[in-house]
Amino acid sequence: MRAFPKLIALAAVLAGCATAPSPQETDRLVQTILVSSFREQGIAKLDRLTQDEAQQACSNETPPSDAVAKRIEAAQLATIQWPADGIYLGDWREGEKLAQNGRGMTWSDPAGVPGGGNCYNCHQLAKAEISYGTIGPSLYQYGKLRGVADPAAPASADMVKYTWGKLWNAKATNACSNMPRFGHAGVLTPAQIRDLMALLLDPASPVNAQ
Amino acid sequence: MKQRHAAVWAAGVLAVTGCLASAQAQTSTADGIAQYRALLADGNPAELWEAKGELLWTQKRGSKNLSFETCDLGKGAGVVKGAFVELPRYFADTQRVQDLESRLLTCMAAQGFNAAEIAATPFGRGEQVNLEALVAYVSAASRGMKFNLPQGRTEERQMAEAGKRLFYFRAGPYDFSCASCHGEPGKRIRLQDLPDLAKSPGDGVGFAAWPAYRVSSGELWSMQRRLNDCYRQQRFPFPGYASDATIALGSFMGVQARGALSIAPAIKR
Amino acid sequence: MSDPMRIRAQVQGSGAVVRVLMSHEMETGQRKDAAGKTIPAWHITEVTAALNGKTVMTAQWGTAIAKNPFTQFTVKGAKAGDKISIAWVDNRGDSRTDEVVVA
Amino acid sequence: MPNRRDMMARSAAVAALLAGAGVLPAHAQSAWNKAAFEGKSVDEAIKGLGIAKPVESKDIAFTAPDIAENGAVVPIAVSTTLPGVKRIAFLVEKNPTTLAGVFEFTDAVETSVATRIKMGQSSNVLAVAIMGDGKVFYAQKDVKVTLGGCGG
């Protein structure tokens, strides 16, 4: 408590420091640096540096205000393309391969080759795979814990739709989610997303096995 | 024998409560990885690069037939010890904030090499091989010293501030910034721990562990190469070697790491 | 021209512990380059360790020894000032010998 | 593909070079054991080495990690109190070729060695000790190789 006034004094000195760059100066410097530093390589063109609204709002140390986050979520929700034929689930075996696959979209990847889902980089899924990341929550028992016994049953419809939405555009439910917008950004095809849906929701998938 | 007991025990627990057993499995995985890293710690092939860099430092090279003994890394001509833990910093002769690699390029230009050509050379080829050796040698000379980047000049503060912006800059098809993976403590990709670079990650972690020998490629990676591959995995366009974006990020991370002990060159997966 | 080895030989108990790092690609012959062409195997085949010129250990290596190989062994009765030399030969016929004094 | 005469000429040249340097004894001039190193199973490697079928022994201390963070470098170490061990071979069951390396000891060194091997996938790894009297013993260890990093 006694150190408190001292801290305030220090903060005042730092804020008042004449040579501290202003936010506007830093903005200009960052723009100059981006232009001078990056070049296109392979499929990674310079337009990748142009931010959309969601990216821009989530590019600070602190998250955007609730109002801005809500606006972004609404806009992102509107981008979700639902399966035209009403079929949400594919083959969980293909889904597992996609979940393991971390390739695609880098400057060293060839054009036109579908990439992977990168899922294990951030999430636990099947129990047998011990090499999983923890940036996202564990998805082990994903369908089971959410009571999805039969993905085709009407009782499962809401959870199935929610999961599709999460894979297609995770920013629709969490403006600054760390998760890529797999469908929206064209990282995965609708067929690939179906296979990942099956990995998460099919009772036969190792994700839901005991 | 001890391990077999542990396995039987873990299986028993699994039958009782899945939750606890899962935590147990995670611990044994972490223990296994820790054991693997401990076994590798003795005998880091980065030493091979350090030795090569030491020879290169005193060797007269280039069209000007100069050694690096006239090269000022910020502590005076030819001074190697302690230079690494104060980089990036501002250099009056180039009027730029420079990291170790960009400064070595400046010194190579003085030797008569074409710096732009070397910067454009792919990693692991031609003079880039020598640069990695020099980076190993110079960083090793500051092993056990604390990071203490100078921030006295406006240019240095501006560069660190720009680096902070770039650290949080989300873009590309995956919406990733550096902070997507390195903005929180205690996270990992697959089994690799991710240092929280938004704060000081501590002694010998994060910024204080690079350059490093990469087991996966069997090569020594400078911070430039580390950042280049981070941006590749972020699905960004290509950052130029020793470009201002990479130097700005180095400045930001280096300032965050103030007081942390350097273990570079480390050994990494 | 291959790079020098890093050899450390330190007295420990009644002998000397020798640690060697070699600079070598140890290419397996199973990898393909960017163009899809198989990269030919290139690896150390034989290693010889000597104490004061007398062979104390030899080894034959295949492609599954890791890149930039590390080896540790213990020479009985070696004293400070003794000379440890290591030599390798690879499947291309390149070779290298380096020597260190026991500390 | 190099022909046999070239290969022989080359290894003779190398042998002469090393003999000149005073480091190569007569017995090491024998050629690299191609047959053993090309073996694609434990049985083929053992056949190539020309040794008896190994018997498991508790007197071989074999250290390898439970989990390897990267298969490109797996640290292993072996030491044994068995008297009369002349050679120790490392075999990786699931590698494309099984034999990783063979170390040959004189009485001037302890029968212990540490090195680092490559593993293509999770596998059983064997340390095989070959005695002067022709007896062969082994110790083994399961090593799990994990996928790491961003995988791209």
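Residue numbering begins at 1 within each chain, and the chains themselves are lettered A, B, C and D in the order written.
Throughout what follows, contacts are C-beta pairs under 8 Å (C-beta built on N, C-alpha and C of every residue); 3 or more make two chains touch, one makes a residue touch a chain.
Note that the coordinates shown come from a computational prediction; the quantities given were computed from them, not determined experimentally.
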item	value
Chain pair with the higher count of C-beta pairs in contact (A-D, C-D)	C-D
Core chain by centroid distance, with centroids computed from Cα atoms only	B
Distance from subunit D to subunit C - Cα centre to Cα centre, in angstrom	14
Subunit A and subunit C, separation of their C-alpha mean positions in angstrom	47
Separation of mean Cα positions, subunit B and subunit A [Å, integer]	26
Subunit C, residues touching no fewer than two other chains	26, 66-67, 70, 72
For subunit A, residues contacting two or more additional chains	106, 120-121, 130-131
Shared interface positions of subunit B, touching two or more other chains	29, 189-191, 218, 232-233
Contact set on subunit A toward subunit B in their complex	19-21, 25-27, 29-30, 32-34, 36-41, 44-46, 48-51, 54-56, 58-61, 105-108, 120-122, 127, 130-135, 140, 171, 178, 180-181, 185-187, 210
Partner subunit B, residues of subunit C touching it in the complex	3-4, 6, 19, 21, 23, 25-26, 66-68, 70, 72
Subunit A contact footprint on subunit D (complex, rising order)	67, 144, 146-152
Sites on subunit D touched by subunit C in the complex	10-11, 13-14, 17-18, 21-25, 27-28, 32-33, 37, 72-75, 77, 92, 95-97, 99-110, 112-119
Residues on subunit B engaged by subunit D in the complex (per definition of touch)	3, 28-29, 31-33, 35-37, 39-40, 189-192, 215-216, 218, 232-233, 269
